[in-house]
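By written order: A, B and C. Residues from 1 in each chain.
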Amino acid sequence: MLSSMVQQFDIVLLNYSRGFHLITNEILKSLPKLPETGIAMFFIKHTSAAITINENADPSVRDDFETFFDKLIPDNTLWFTHKIEGDDDLPAHIKASIIGQSLSIPITNYKLNLGTWQGIYLCEFRNNGGKRKLNVTILS
Amino acid sequence: MLSSMVQQFDIVLLNYSRGFHLITNEILKSLPKLPETGIAMFFIKHTSAAITINENADPSVRDDFETFFDKLIPDNTLWFTHKIEGDDDLPAHIKASIIGQSLSIPITNYKLNLGTWQGIYLCEFRNNGGKRKLNVTILS
Amino acid sequence: MLSSMVQQFDIVLLNYSRGFHLITNEILKSLPKLPETGIAMFFIKHTSAAITINENADPSVRDDFETFFDKLIPDNTLWFTHKIEGDDDLPAHIKASIIGQSLSIPITNYKLNLGTWQGIYLCEFRNNGGKRKLNVTILS
């Protein structure tokens, strides 16, 4: 089909606690009707939070994610040199680059073409990250 | 050049064993002739498998990847709470978000513009993941 | 707005030492004026280097990144089987797939729509990686 549109939306997410949160529905509510075919590109405008795709059903997956990443990069790691913004800051930066800040999802038949078990996670790595900004760009 | 096309393809991959597998040629065989210039966006529709780019030559790289990720997130980790789908399930979810489910590659001169040593890997994290679904969206 | 352009640029980066380096300005200097609205997709054509987004201010963040990833995947890991290209090679491959080779950033009002603290990092994982090739594709 002819590609003819770039649509862009700046979304401010709700205030989430530290951890992994399913935000698929919150994002979709902030968007107009999607085009028939295209790409939705999600970009979180921060360096201590990330977005990823994972299981949309059992919350224990998200709890285990939080435990795993905290064990991998503990807040109280002694050798960190970047400490001026708090013990949770440098770990948050590392986690953010491991998970990533940009995510592209195909749009098919006017919907995000997600697998059955896929949902979009906000990964909030700070203790008090506040309301995170997400840019959504739709190419169709 | 004028951008005028969105093309989209749903591919079902072969059944791969747990591990890292080079699938560049399998994907290319499933696609029509690529446009002169654009982007190919690959999206795997699962939460326990991932796609990445890495060395396309020596299979020992892919073996070492499997060993590394299994050591990083062992199947028998005692503290996991999400265990109802088997010992390999939660580790597969974590690995999938570390590697990622979406990947964009430029298209130049009618070909994927990959570096000399780059190939596309399917990262199969389940013991019996089955045939994985991959969406390819081409913007040109 | 109407989408009408695909622009593509092959950039050769400066020669960087092993570590994490802020390259936002170097990339922008290599690009023409950006379109009003769109996506910039960055793709590094290597398997032992990566690109990510992280803090653009304090260099100690980038130093701690280097320390963290070297502890996570040490050069002298005994069980690696892929050793023919040097002790830093297999760790570089693993790090590259953890961080990733493709990155998309929205373009808004003729600029990369980065958050206040966001910058683009080159992640050079080899001791002597040389000048890395980066493809930038702009869809607008």
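Simple rule for what comes next: a contact is a pair of C-beta atoms (placed from the backbone, for glycine too) under 8 Å apart; a residue touches a chain by one contact, two chains touch by 3 or more.
Just so it is clear, the model here is predicted, and its values are computed rather than measured.
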| item | value |
| --- | --- |
| Same vs different contact residues, chain A with chain C, by half of numbers used | different |
| Magnitude of the superposing rotation for chain B and chain C (Cα, nearest 5°) | 120 |
| Centre-of-Cα separation between chain C and chain A, whole angstrom | 19 |
| Where chain B touches two or more other chains, by residue | 3, 72, 98, 100, 104, 139-140 |
| Contact set on chain A toward chain C in their complex | 3-6, 8, 41, 43, 45-47, 72-73, 79-82, 84, 90, 93-94, 96-98, 100-102, 104, 133, 135, 137, 139-140 |
| Chain B-facing residues of chain A, complex | 1-3, 37-39, 52-55, 58, 60-61, 63-65, 67-68, 72, 98-100, 103-106, 108, 113-115, 117-118, 121, 139-140 |
